[in-house]
Amino acid sequence: MKRVITFGEIMLRLAPEGYGRFVQARSYGASYGGGEANVAVSLASFGVDAAFVTKLPGHEIGQAAINALREFGVDTSLIVRGGERVGIYFLEKGASQRPSKVIYDRARSAIAEAECSDFDWPGIFKNAGWFHFTGITPALSDKAAAICLEACEAARAGGLGVSCDLNYRKNLWSKEKAGEVMGRLMRYVDLCIANEEDLGDVFGVTAPGSDITGGVISREGYAEAAKLLAGRFGLKQTAITLRESISASDNNWAAMLFDGKDCFFSKKYPVHIVDRVGGGDSFGAALIYGTLRGMDARERLEFAAAASCLKHSIEGDFNLVSLEEVEKLARGDGSGRVQR
Amino acid sequence: MKRVITFGEIMLRLAPEGYGRFVQARSYGASYGGGEANVAVSLASFGVDAAFVTKLPGHEIGQAAINALREFGVDTSLIVRGGERVGIYFLEKGASQRPSKVIYDRARSAIAEAECSDFDWPGIFKNAGWFHFTGITPALSDKAAAICLEACEAARAGGLGVSCDLNYRKNLWSKEKAGEVMGRLMRYVDLCIANEEDLGDVFGVTAPGSDITGGVISREGYAEAAKLLAGRFGLKQTAITLRESISASDNNWAAMLFDGKDCFFSKKYPVHIVDRVGGGDSFGAALIYGTLRGMDARERLEFAAAASCLKHSIEGDFNLVSLEEVEKLARGDGSGRVQR
Amino acid sequence: MKRVITFGEIMLRLAPEGYGRFVQARSYGASYGGGEANVAVSLASFGVDAAFVTKLPGHEIGQAAINALREFGVDTSLIVRGGERVGIYFLEKGASQRPSKVIYDRARSAIAEAECSDFDWPGIFKNAGWFHFTGITPALSDKAAAICLEACEAARAGGLGVSCDLNYRKNLWSKEKAGEVMGRLMRYVDLCIANEEDLGDVFGVTAPGSDITGGVISREGYAEAAKLLAGRFGLKQTAITLRESISASDNNWAAMLFDGKDCFFSKKYPVHIVDRVGGGDSFGAALIYGTLRGMDARERLEFAAAASCLKHSIEGDFNLVSLEEVEKLARGDGSGRVQR
Amino acid sequence: MKRVITFGEIMLRLAPEGYGRFVQARSYGASYGGGEANVAVSLASFGVDAAFVTKLPGHEIGQAAINALREFGVDTSLIVRGGERVGIYFLEKGASQRPSKVIYDRARSAIAEAECSDFDWPGIFKNAGWFHFTGITPALSDKAAAICLEACEAARAGGLGVSCDLNYRKNLWSKEKAGEVMGRLMRYVDLCIANEEDLGDVFGVTAPGSDITGGVISREGYAEAAKLLAGRFGLKQTAITLRESISASDNNWAAMLFDGKDCFFSKKYPVHIVDRVGGGDSFGAALIYGTLRGMDARERLEFAAAASCLKHSIEGDFNLVSLEEVEKLARGDGSGRVQR
Amino acid sequence: MKRVITFGEIMLRLAPEGYGRFVQARSYGASYGGGEANVAVSLASFGVDAAFVTKLPGHEIGQAAINALREFGVDTSLIVRGGERVGIYFLEKGASQRPSKVIYDRARSAIAEAECSDFDWPGIFKNAGWFHFTGITPALSDKAAAICLEACEAARAGGLGVSCDLNYRKNLWSKEKAGEVMGRLMRYVDLCIANEEDLGDVFGVTAPGSDITGGVISREGYAEAAKLLAGRFGLKQTAITLRESISASDNNWAAMLFDGKDCFFSKKYPVHIVDRVGGGDSFGAALIYGTLRGMDARERLEFAAAASCLKHSIEGDFNLVSLEEVEKLARGDGSGRVQR
Amino acid sequence: MKRVITFGEIMLRLAPEGYGRFVQARSYGASYGGGEANVAVSLASFGVDAAFVTKLPGHEIGQAAINALREFGVDTSLIVRGGERVGIYFLEKGASQRPSKVIYDRARSAIAEAECSDFDWPGIFKNAGWFHFTGITPALSDKAAAICLEACEAARAGGLGVSCDLNYRKNLWSKEKAGEVMGRLMRYVDLCIANEEDLGDVFGVTAPGSDITGGVISREGYAEAAKLLAGRFGLKQTAITLRESISASDNNWAAMLFDGKDCFFSKKYPVHIVDRVGGGDSFGAALIYGTLRGMDARERLEFAAAASCLKHSIEGDFNLVSLEEVEKLARGDGSGRVQR
């Protein structure tokens, strides 16, 4: 299967144990994660040759981030070392009516301060067949956005498929700026992934009939939105994850895929949440995998929905599941009976 | 806003980790809590100037109890040091059909052995506008009941509003004694808080049509009971929390408020329980807050119901939530979507 | 009440904390368990004089297994010391759509390598009134099967009641071999316990109308299967546990009992799972207890269903509940209200 | 070997993890211990039939104390259930110049409130050959002292050997009261164990030339003191443990034994302390063991010194070492080389 | 006693458990600390009215820093809320020949970005008698240095005593810049505290005859250096801590004080290290305390040396010891015998 | 630098936390290690291209072992998947006079059951310059010994340097068998590493004048032994680690190297032990590194002694230190001063 390159930021994730609040924390569970890094780990778990590209400081916290990726089989040899700090995000896990809370402390991380000259994209893309990034990376800084653009151009030049998860982050940039920058990058994108809020935030495309906080989702509305987006940017695939948030403990999870012709909706999974961070990333990774393996549209949508359903049961950003586990769920066994 | 004084016992709470049983415990999570202390912490979290009054030994366990209160902004300068021991309660968290279990080891704590002369109530109440206690404190010992009475008299003399949470504890005293002592104290009370069992246990007032263990709650029955109680003691506000216990893991939670004229019922919250101890205290505190801030009856009931709903998602006795978090839920967003 | 002897393997159970996956584990919770050991602990918790018979190495890991049994009141004085290793099983707790996973590392444990000469059954059964084993033990090795047969013969000779939990383990032996060996042993059995899959796996007896993975259970089908089995082996009691697996987090749990005349179905419990390992063992133990105490068929079925319902809320293999707790639930209070 | 009965209190021990101070503790390690219970565990670890006698409440904390003893092979069948509470002690581990600190919360424990009628000493001593208690038990309450006296009388009547560890606790009673009560009990004692401070505190017998805080120990002084005590009470054996406290992290540890004729001094061990609580108890237990096994005076002294040296390396009150481990050290191998 | 104001940064301290390395960390112990905050906590622990002044973000990590101070009695009401981030430092505890390692991630913290207008020094100093800062604060940014200067001027105007701990941090500024800025601030200082390296780094004043890495300390050299410094800046007191680093596990610790007339050297403590961070701060705090209480020079030096000796035995930045504990050690009892 | 291949077993290491004994363990820290795997990790940490060759089961425990190696940069692409189990060793950390204890449960692991056909040595050695194994691998089984021999032959054929650490394990084979098998393999070895016991155990070569348990080491004796060994097998380098075991907490550590001409003794390090497992492996790895980098004999000996000194301060089997850290200590700075 083709080699995949993902590019973005990997952060130190600090989360109080269990359902502890920030003000109760006497220790933080430490792991690493970030949209594109999570995608790389998912792909490596499925057996794909996946490399993650970023810039990380030379000190031990930077090294620990690299080790976390290596541990799960991601190629880290393309990572540039330098800069001052590793971005951090603090995560407080919600329960019942209390939402999870994220405090970002990622400004001026090594990758946000990186220069175009740090990355030789034609070299990076040698032997690679796919490139993935998210809307977080160009939001980090103007320099990061410029690097993204260079990467997209090199990807096109190199004949790679390109995927992008919109992933709008309101504390990184305004909707206006996001729309402008992402609009430019989308011209290079084959597969666009978004969640139920991103489309509106970034491109002003809303799904009529849906009320996100109220948990109402309109299938027709999303189908329309996907078609509109696909038309605007010439996308080959447009996928939207559909989360119905009943509470911080229980969600319904599904997704839709528009392949330029038809609109498919996956099975809907009622999930009892262990950790929902990285749910969208695990969906995107599985969709890339399905695309690379040549699954048909319905099959790759169900594969991606099953993979990301499982993510909700796993601690940390990374979706540490095997191909077999995803396939078993996609085939329909969600009974959770003990495997001996 | 007015300064609030709460008076009672703060105990060392020892709870096995997770769902471990007492006989499995190799370590105990250690925190501090008690009805009136919990109320003080809630009020301080909302920005109220709240002081907690008690007696605690001079040793480090007593100091740790004080530190736990200071940590969350409670004024502890009125606490008397002396006596032999800090009361303890052991808490085993239940799940599904297995109930939570409490073993009290609070006899002869410093506050249970305290003397009337330990507390100068007129001095304590200087600059204060509200006094809160619960039915636990007078149950600790005859001396503690006498101190409560002195406090109530001084509160009335000082023009403070007075609230009391009935909180009947059957292992501290008999229903007869409770009824007698509490009956005397209720004459000073403006706001009475009770749960669905207290009214019957302490004052023989039952809500016809309800079956507590079976999880059936009759709204009319509780309204009637509240009015009866309000009439008997001349209460300005009578509030009852309404818990439908589906299992140790899942409860429905709501409350009603009778303001002397009308009876209001709050929204009902289906809660997935993290820790339900202190649920009633968090309700009482929020009701005091709403009263002090001049919310109207419906608003302060919904505020209090939302605050105490959130408590069920937080480890420990203390309801460590902010004003904003309560207001957001009271306004209706209980979807638990990640806050970034 | 009669003394009970159980015989089998006790393993070191190594489980990542919380919902951690094997590949995430930096530490393993260590406890001990195994079908027949779990039954012995349950019986001792109910006050029965229960002894567990096995073979364990002389080293500290073997000693720790013994200590775990002693801790909960099981007589370990009949345990033979010797052999090389304690069997191990790794347990990863599932959640939502992700199933729990067990990796066995039990081959060549001390008990699997034991000889018939290690056990003096007539001596072991002195003063005892009941003997229990499961289908796991004869599956460990041909020698273990031979020891089981000797035990059964001695039990019959000594006039003991005999119970057996089928407990088919596909990675220990084939269905054919299981059917053949278990068929021979069943001739000595008075009380047979099985789950919804065992009957088919071991004896080819299926419950028409049920779809286990799909969570559909046909009461009539199971009644028919139980009668068939009882007839084939002359069983006095045949009990089947009925698990509807909604997800790894939520199950419905019930059981049926055929006493040779009538078929009874217990109440069905919706359980929110803390740890479901040992659910069947706790059911069997409670059924033995009910039989020894002379409960009538419906009563002992409800007692056993309640006991095993509670097991799902307790960490570890052992059902650490008291008689009172089981009786309270069997009487109908499953509301999980705090016990103070 | 003869059966040994020990009698006293077993407490819940609550210790912050590592070197945490009480005011830093968010959790407490929970274990159980007490002078005579520790002796029983040591003896059981050496293979002796040892029973511990006490009174413990019927609730789960009482049960957990029993389980802790059963776990390590102590016979708990003679323990009386009843009373209100389990005594507690809080332990903060010291380091370097900061001393360990103990806060007792043991007043009105079940055993301190027990009645003479709770214990049938002739029945308890059936088949037993040795009785052990410490100076802590009669200090708990006048009733406890009366029970001790009854036990001593019954022991003498039954022909049991009797040992007593003076173990003076200044917060339980005055030196005067201790001297008076212990003086009466000592008439029944064959083997008296004391540390370098007890002799002076209880009986006013000092070792000239020693300065305990300064870490100076005079061998001649202690020999003289032992002889004096032996003479006064007609003791067969008098043993004194000799601790040179360099800091909370490092001690020198040795002991002396006067057998009525000669005074022996053990090897001196420089110990790097893991947990020094129970050091004296482990010494006493090993001396009883050596006496029961018929070791000569020097041999049993070295055995006891080695056993108690090892205790300092083990977390908790209990000296969880095997006979082989003690004998290996007593023979001279203290190099700590890895045992594979 | 006079009210003391300290000003500087408080950071989130993230340390792997035990002796774990950064690259091994799956969780970080989370506490808070910083030179001037540590001094405030020490003073509050001694009963002094101590307030800490800084700027902290409005989010929960900022709140947790405040709570950590409140917990130990520090007045936090003067803290300004605002800015983006809380400074962080990662701490890896060394052992034996492996040194402890600190990675700072403090750039652009709220206090480093604060403006002069954030602080109203005359108001802050109302009712206060002493002001303390360290050389870290002016090193944070030019703005922070300007705020320091304003504070010093206001302190002089208000008649407060002023102390400064040089605390040179080479990754914050150059020696040249430090010398220049600190030289200006020192004109306001009454009591200067330094360690064995600071004098040379900041002011080029070296102690002839000492070799810091080699662990050689020349008493005469330090006396000379202290006198030189005192002369240059007109200091009333000059104190130097003297650390002989044998290894990361064992240090010798002592201090000297020049009171303008005589030079005193404290007792030298061999310390077995639990946590050495904050050693110098605890020394400074105790010296301020001794000064405020009017101890004579030798007495306050020994008090400060004892206090800081104890710090090495306590986890975290804060020296959580009581007045009594320090006085006991200063009087000479460093034997570490258990306190019951 | 040349690529290095190491071959052997990697085990799951299960160790109670802190100084807990096996019988106290409620959880086990889980890591992975084994002689040759440890060497590979050390080399990768120094920047060498190092691959570890073994056979591991396809299940998640096998995968976790691979991940542990990948995490620290070891090439695991040559590892064969298959077989039944991962070898396990239980490790109890000793303290003071109590030795560390290892219980092996490694029989019939995947590598012990591997076949010669599992490994294509010429392919494995492509592009490699060095091969390392230890005396543990051929001791696992006759098949493993045969594979070792094939590897050695292929290494010679491929012109690789070969190193072997004798590492005698008495519970794997007899001294006679070890001598015979290792004698055959030593003919291929360039660099032999041994500890103070191995030489005598495997080859009957003793260092006159040394008493290992007593902690006496004779430099001349070891020099003589090294020369004798070098002569017998034609070794280019012979290295012996010299451990003086004062206690389980404190050791002296040094090493010697005979380069065929001269005998060098390293500096002696007094180490305060955090974890001494893997000390010899870290020495061997550093010696290989020094050899590959062309250090002179004295330099590479001091480098290796410093590296392995640091290992004693690090938890787990792996010596997670950087080149810079080793070089700093080798240059003489062992003062353990904080690195900021």
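Which chain is which? They are A, B, C, D, E and F, in the order written, and residues in each are numbered from 1.
By our rule, contacts are C-beta pairs under 8 Å (C-beta built on N, C-alpha and C of every residue); 3 or more make two chains touch, one makes a residue touch a chain.
The shown structure was predicted, so the numbers you read here are calculated from the model rather than taken from an experiment.
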item: Count of contact steps on the shortest path from chain E to chain F; value: 1
item: Type of chain A:chain E copy interface by residue overlap (half), same or different; value: same
item: Inter-chain centre distance, chain B versus chain D - centres from mean C-alpha coordinates, in Å; value: 44
item: Centre-to-centre distance between chain D and chain C (centres being mean Cα positions), rounded to whole Å; value: 42
item: Per-residue overlap in chain D, given as positions that touch at least 2 other chains; value: 18, 21, 23, 26, 67, 72, 101
item: Pairwise touch network: line, ring, star, complete, or other; value: other
item: Pairs of chains satisfying the touch condition; value: A-B, A-C, A-E, A-F, B-C, B-D, B-E, C-D, C-F, D-E, D-F, E-F
item: Chain A residues within the chain E interface of the complex; value: 14, 17, 21-23, 25-31, 59-61, 63-64, 67, 84-86, 88, 90, 92, 101, 103, 105, 107-108
item: Interface residues, chain A side, partner chain F - complex; value: 67-68, 70-73
item: Contact set on chain E toward chain F in their complex; value: 18-21, 23-24, 94-102, 104, 169-171, 212-215, 245-250, 276-277
item: Complex contacts: residues of chain A adjacent to chain C; value: 18, 72, 269-274, 306, 309-310, 312-316, 320-321, 325, 329, 333-340
